[in-house]
Amino acid sequence: MTLSLVDVAKHSTNKSCWVIIQDKVYDVTDFLAEHPGGSKVILKYAGRDATQAYLPIHPPDALKTLDLSKHLGPLDSADAQQLHIAQQNRVKTKDELRVEEQYKKRPPLGRILSLADFESLAQLVLSHKAWAYYSSSADTTSANVENARAFSRFFFNPRVMRPVRDCSPATKILGFDSSLPLFVSGAALAKLGHPLGEANITRGAHKGGIIQMVSSNASLSFAEVAAAAEPGQTLFFQLYKHTDDSLAVKRVREIESLGYKAIFLTVDALTAGKRECDVRAPWVLEDMENGPAYHVEGGPADIADDGGTAGALVGADDQNMTWEKTIPWLRSITKLPLVIKGVQCLEDAVLAAEAGCDGILISNHGGRQLDYSMPPLETLYRIRKRRPDLFDKMEIYIDGGARRGTDVVKAICLGAKAVGMGRPFLYAQSCYGADGVAKAISILDSEIVKAMKFLGAAKIEDLVPEMVERVDWQAKL
Amino acid sequence: MTLSLVDVAKHSTNKSCWVIIQDKVYDVTDFLAEHPGGSKVILKYAGRDATQAYLPIHPPDALKTLDLSKHLGPLDSADAQQLHIAQQNRVKTKDELRVEEQYKKRPPLGRILSLADFESLAQLVLSHKAWAYYSSSADTTSANVENARAFSRFFFNPRVMRPVRDCSPATKILGFDSSLPLFVSGAALAKLGHPLGEANITRGAHKGGIIQMVSSNASLSFAEVAAAAEPGQTLFFQLYKHTDDSLAVKRVREIESLGYKAIFLTVDALTAGKRECDVRAPWVLEDMENGPAYHVEGGPADIADDGGTAGALVGADDQNMTWEKTIPWLRSITKLPLVIKGVQCLEDAVLAAEAGCDGILISNHGGRQLDYSMPPLETLYRIRKRRPDLFDKMEIYIDGGARRGTDVVKAICLGAKAVGMGRPFLYAQSCYGADGVAKAISILDSEIVKAMKFLGAAKIEDLVPEMVERVDWQAKL
Amino acid sequence: MTLSLVDVAKHSTNKSCWVIIQDKVYDVTDFLAEHPGGSKVILKYAGRDATQAYLPIHPPDALKTLDLSKHLGPLDSADAQQLHIAQQNRVKTKDELRVEEQYKKRPPLGRILSLADFESLAQLVLSHKAWAYYSSSADTTSANVENARAFSRFFFNPRVMRPVRDCSPATKILGFDSSLPLFVSGAALAKLGHPLGEANITRGAHKGGIIQMVSSNASLSFAEVAAAAEPGQTLFFQLYKHTDDSLAVKRVREIESLGYKAIFLTVDALTAGKRECDVRAPWVLEDMENGPAYHVEGGPADIADDGGTAGALVGADDQNMTWEKTIPWLRSITKLPLVIKGVQCLEDAVLAAEAGCDGILISNHGGRQLDYSMPPLETLYRIRKRRPDLFDKMEIYIDGGARRGTDVVKAICLGAKAVGMGRPFLYAQSCYGADGVAKAISILDSEIVKAMKFLGAAKIEDLVPEMVERVDWQAKL
Amino acid sequence: MTLSLVDVAKHSTNKSCWVIIQDKVYDVTDFLAEHPGGSKVILKYAGRDATQAYLPIHPPDALKTLDLSKHLGPLDSADAQQLHIAQQNRVKTKDELRVEEQYKKRPPLGRILSLADFESLAQLVLSHKAWAYYSSSADTTSANVENARAFSRFFFNPRVMRPVRDCSPATKILGFDSSLPLFVSGAALAKLGHPLGEANITRGAHKGGIIQMVSSNASLSFAEVAAAAEPGQTLFFQLYKHTDDSLAVKRVREIESLGYKAIFLTVDALTAGKRECDVRAPWVLEDMENGPAYHVEGGPADIADDGGTAGALVGADDQNMTWEKTIPWLRSITKLPLVIKGVQCLEDAVLAAEAGCDGILISNHGGRQLDYSMPPLETLYRIRKRRPDLFDKMEIYIDGGARRGTDVVKAICLGAKAVGMGRPFLYAQSCYGADGVAKAISILDSEIVKAMKFLGAAKIEDLVPEMVERVDWQAKL
């Protein structure tokens, strides 16, 4: 049985809400209250086609969670055809036109010299919505800004007259080979920036010889990402644990069977950070189309509490995890190495070691959650100063703010096993797909090797704490 | 007996000065010298109607202090009518037109995401005079700026893996329930920003479940504010003690009978701060109307010493209060809890505790009095470091500079019982009345709860000093 | 015998150089080599009238040092008349026209609220040359900028609940009454800014009840300044000691007989600082008249070493003074109190005390001499921390960078007896003559009294070191 | 036998690559792979004249290293004539026209007051390529910027009342006379800025009485530089040691025979720094000519790894030097004093002293190599604090960031024997040739003498550590 556009249009309220996604009709009335992103954003499309809004921010299997009885069936094919034509013929928004124009004018990839070049270009070629989601951070944006600035308080004491002609930055992460002390940190919704999404990162990471950590909130399914990997390529999995343990077990089983090699349990994103730039994005776009002046009709509007794109992603996550309960439980269901992503202070690093974790990723989620959370490099430095023994008990990584080979090297000198980067690879793939990701890694490779040679270090183990000094001034950026 | 405009016009000098306020005539000749704001501002209206200038900056009962013999009687009704028509027909000033235009263009309240949004909007919709009065601060404005910047030197050491799904920010202030560790700090002249004045704040505070401290310099009478409160709603009173003890007693009796629940004795505003932006406001307006170029006629003008709006408010306040004399005296006349508002250093915090006060509000009056006074958060930090025992002896609050939920949480971690905010609520009510105030509280509620969850704190008591660290750099704002 | 313009014009080279000053002819050929400002600036006027260039930067008795045989006699009166007419009819420069225009547009003095207002206005109403001379400082200007910024690292810990209704800022300096802990620091060439020159400051200082220190490089004679003083008004003298002791003795005798009450021996200006803005002033003016584009004719020009206005003033000063020799010698020739102006470190403060000086003025000459010399407030702070006993052995003053009442109060809290200000009074008199100076003092008086009341200090002695704290951040200016 | 343009044009690929340089033909096919600057830049000129690109960045004897069999012989004279005419008639680029225009408009040299003036002017009169090469520094440019900013954290504690009329800044460096505690640090490719290249610096240094250190990468031959020196003028040599010891020996023999007086062994430039501005220069020029908009043809371009001008210079340098091997070897082949250029931390300073070096030059290569390397002044300060004995064991110099006489004096106070400067002299010679260099030295002389007098120092030995203080704030630049 097929349904027509007219049928669907009759269900356009919160009493009965149908939507069309990729030519199929779904009854989402009961789901409205559960939608992690709130009901409002769905009701905008009630009774009509939601495909364009849905696709870039949901993995393909997202609809699986909807009871089969709500899968109402395919759209009438003539009506589907009509939708496709309308989509093709529709007037493009100013933002879409801007993006098309800018994308055509991209420079040759060979002219990209640094991750900053990718970021500047990404701001031009990304849709406003994608840029807002990728670049935004919490509240005043201080946590994000300070993540990066922290690096500028650490200077090098380079050693000279040491043989460095044969210099190798290769290392191992959880026992897996990596060409660099660097990995791709999990980052959601790559399809917002490029139609191939996370697969671009997978392919680029392979070219560059580094490991990708895949987010639970990837816009491809975990199977699709795994399929993009070459044989033998290492993938890690960033787990957002569902409140429902059984669903979490199911997910772990799935990624185990797909060959993911380690679990990074996310503990720094229990609820959505307040990313105002992201929340504001739809209004900015609306004003861009219609002009900025409008009236407050009928007095002040209702108080909306729209969590932005982020709100949609973490709504079902477990906010009651504990060291005592969650770690043994995870150990009991999987043999994969376990890393805690989101440790943010010395005390929790100690607890993680005591809990027998294989590693911790010091991270404040790129400054997207708690504003004024301590920059990860500073936390790393505190561990180095006060509990250097922890570096022998587990692997310690950081992410957040690193943008240069020297940044990576500073963290390695202080004891980090590797440094994660998220946004830079999103920007690189948005600009040039997999080639962009490979180029980003190649830039970092060159920067890291140069830095090592200038420091008198021929291999990763030669990078020692004495080579960096935390200074009492702040470099002028 | 009624008086005519012609009668009044004959009394237009400092020898005999009559003014009309709301269709009544007053002889203020003898009062000129006593007027806290100076005689000049009254003489500008000598012999004519002063209603528009008088209303927004005086509470309705201000004329009570004028001897009844000086209440000369009503204006002739035809003349009053003539005044009203003239007022309606008068050419609006450029500033009034600007405000009307901007007010119409306010965004829907739902688009306000932060207190900063309210502030930006307030600068647009407020009259220049109101903005100058609300936003101005002393001398170089450093005290005000640094109040806020102080927060940016305190970073969080968040704890993870703690159950926070059920998170409550509720607390008690002087034993009274508050939905948040937050209260409205006393701020004068709300009517400058909105015709309903302080009542907007009262109603918004009720919706948000927080306590309002009402200023002695409110532009509504204390009874009017109390009348705006819902049954059971808690109001505190910010007392500016009059030099004349008997007048002070009278005021205390009045607010007791109105049901105010505590007294915040103001000790940081004995004389008017030098708020240059406020003093300059009338000249700016004059230049705005007439163009900025003018000549110095007949050589340099007299040296004027106009204290601005602030000067008018504190002229009669007691500058000779002491711990030994004033506290016991206050205790002897009232059973209400007593908090000293304006303590600014550790030594005075100790004295307040020794004097048996119920609490102190560390405040430099929003940076409006002494430039370069220590930011309240820094003073709180010094007490935490050197005399943590004081937190057990009395309740300690701070106000000044807090604009985000994270700011509030930082102060609570350091030991504050609650944080006061003044200007933000003035801005919110100026933009949207009581709804604006409620929205501001709702924003802070959301920010505070998010911050608590990210810190691993499920209740206020979980916020501990170890969670904040004063860093040796300054976040880039 | 009179001389004609034609006669004079024959002597226009460095072999024979005559100039006309105020209708008198002088042979300055032999003086060329001795001129403190270099020969070049004189040769520009060789064979013609130099009056306009000469007057604003020389005291009236400067020509006394020229041997009488070189006073060639008066100019022919018809020729003198011709010069006057030419001067009156000459085309005004763009800079002169700018100054006239701006001077007319000055605001009423009543609208000046702070010393910063005077400074902004001075930049508009001063000739470029005067502004360059007054405002310029050494090399990168860091010393000058940091003098002021130093104050922004000192915050107050105010005391409350102290009786301050009767608050007096009066004090004594070297035993002489002063209405404020403030004096006019010696500053040269007031006539560059206003035709009445230093006399404006003298009259304004009297109105404000503070003491003026008169510079050896005043553009009025010391007698003229003394004549502008009221009976009983205190003047101090800033001595630039001549290399020739006998000339120095002569000068001391002169100012003793004129009633000056103390000697401030200048030791921080042995040679001219490199004030690039001042050196560049004539070129800026030339380009302003002729347009900025010009060619290097015949290859690069000679390497000039023009010391600017400053170079002209200190050429003959003694560069070989010592504690052992100079202090006893000065004591032997005068009974006046002796203060060393220009002490810049703790060690020299100790030596001054040991040498029995009555006081020291910690000063880096307004940052006009040695770039990166320690800000005086910082030096004062170091003395307070390490040798507080010195404050009991002599009076200690500072100048440089203070612009607000709070600045003055900070220094007094740290132990300074008084604070000197130079440029602010030059700017004030340039804008409004003596009235401007009086207004500047009145502003400072009001600011100082407010600060004292807010600090809980009813008299100067109540200002104690505990009230200021050097913080580890820098206020944002 | 001569070759024609047609003959040459047949060899325009990487299989067979001929180029014309100054009317001679060379077969560089086999050399392509060895070219330190990469093959790409040569292939751009394959089969045609490369003279204009070759000359400014290669010393005249660079072609000596090409096997004689590859020197194919002279170009046919008519064809050579044709090339010359074509070169003369060719359309000038926008950049060339800009440079010509700006060069004509240079101010007279007498108006240059500071090294900053030279730098500002150099940016105008230099080709974009030259400016990019001279001014560029590594990665984020922080190392370069911080080199200069470091000086702004050191303030003076000047001494007064000391005889300074006779003040001399003369000193000795490695026993050789220098009029100032200052020398020219080696800097490559002076011909990029001025046709006379390094000889300008040699002549200017002689006029100013200071010593020039000549770079291995000079654009004149070492013999040409030596020939520009006056009899008795001291030259030092900055050695980039070739990987092949025998070539290194040959170079040492050559400069010994030319009369160079010391060897500064470069250890901070083993590989090219990442100077993005320099790498980007050709693209900027291309866009300048053709407009900035272009398309990515056929998908993203190849990933280029162009090391910029710098890459071409250090490709053959020895990356395996060690204290144990290299120092004794150098000592065994020459009696010249030996200084290690590029020491960057205390530990290596100790090793240099233990290895018996005559001196070290603390340098991070002007911030052009490792970003965030410690500023040399800070390293000097650390040696002064922790190992002051090292100053007695060898001479210690610094370079990087010094731009003022006060900068030099600060380093001397801390124990440096002399301060090197590189870029400032390149800028000075680019603007005005040898006269510019002499003027730069004269400016520094004047600034140094003034600073010494203001500090109370009559000779270099009077400059002591107590005169400088590292402050905990940063001057506002």
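Note that the chains are named A, B, C and D in the order they appear, and that numbering of residues resets to 1 at the start of each chain.
Note that in this section contacts are C-beta pairs under 8 Å (C-beta built on N, C-alpha and C of every residue); 3 or more make two chains touch, one makes a residue touch a chain.
What you are looking at is a predicted structure, and each value in this text was computed from that prediction instead of being measured.
Novice: Moving only from a chain to one it touches, give the least number of moves from subunit A to subunit C.
Specialist: Minimal hop count between subunit A and subunit C: 2.
Novice: If more than half of the interface residue numbers appear on both sides, call it same; otherwise different. Which is it for subunit B and subunit C?
Specialist: Because under half of the interface numbers appear in both copies, subunit C and subunit B meet with different residues.
Novice: So subunit C and subunit D are the same sequence; what rotation in degrees superposes their CA atoms, nearest 5?
Specialist: Rotating subunit C by 90 degrees superposes it on subunit D.
Novice: Subunit A to subunit B: how many Å between their CA centres?
Specialist: Those two chain centres are 44 Å apart.
Novice: Starting from the mean Cα coordinates of subunit B and subunit D, work out the distance between those two points in Å.
Specialist: Distance between chain centres: 63 Å.
Novice: Mind pulling the residue numbers of subunit A that touch at least two other chains?
Specialist: 472
Novice: What are all the touching pairs of chains?
Specialist: A-B, A-D, B-C, C-D
Novice: Which part of subunit A faces subunit D closely enough to touch in the complex?
Specialist: Residue list for subunit A touching subunit D: 104-111, 113-114, 152, 154-165, 404-406, 410, 432, 435-436, 438-439, 442, 446-447, 450-451, 453-455, 466, 469, 471-473, 475-477.
Novice: Which residues of subunit A touch subunit B in their complex?
Specialist: Subunit A reaches subunit B through residues 139-140, 142, 145-146, 149, 153, 267-268, 270-274, 276, 279-280, 283, 293-296, 299-305, 319-323, 326, 340, 342-348, 351, 364, 369-375, 378-379, 472, 474.
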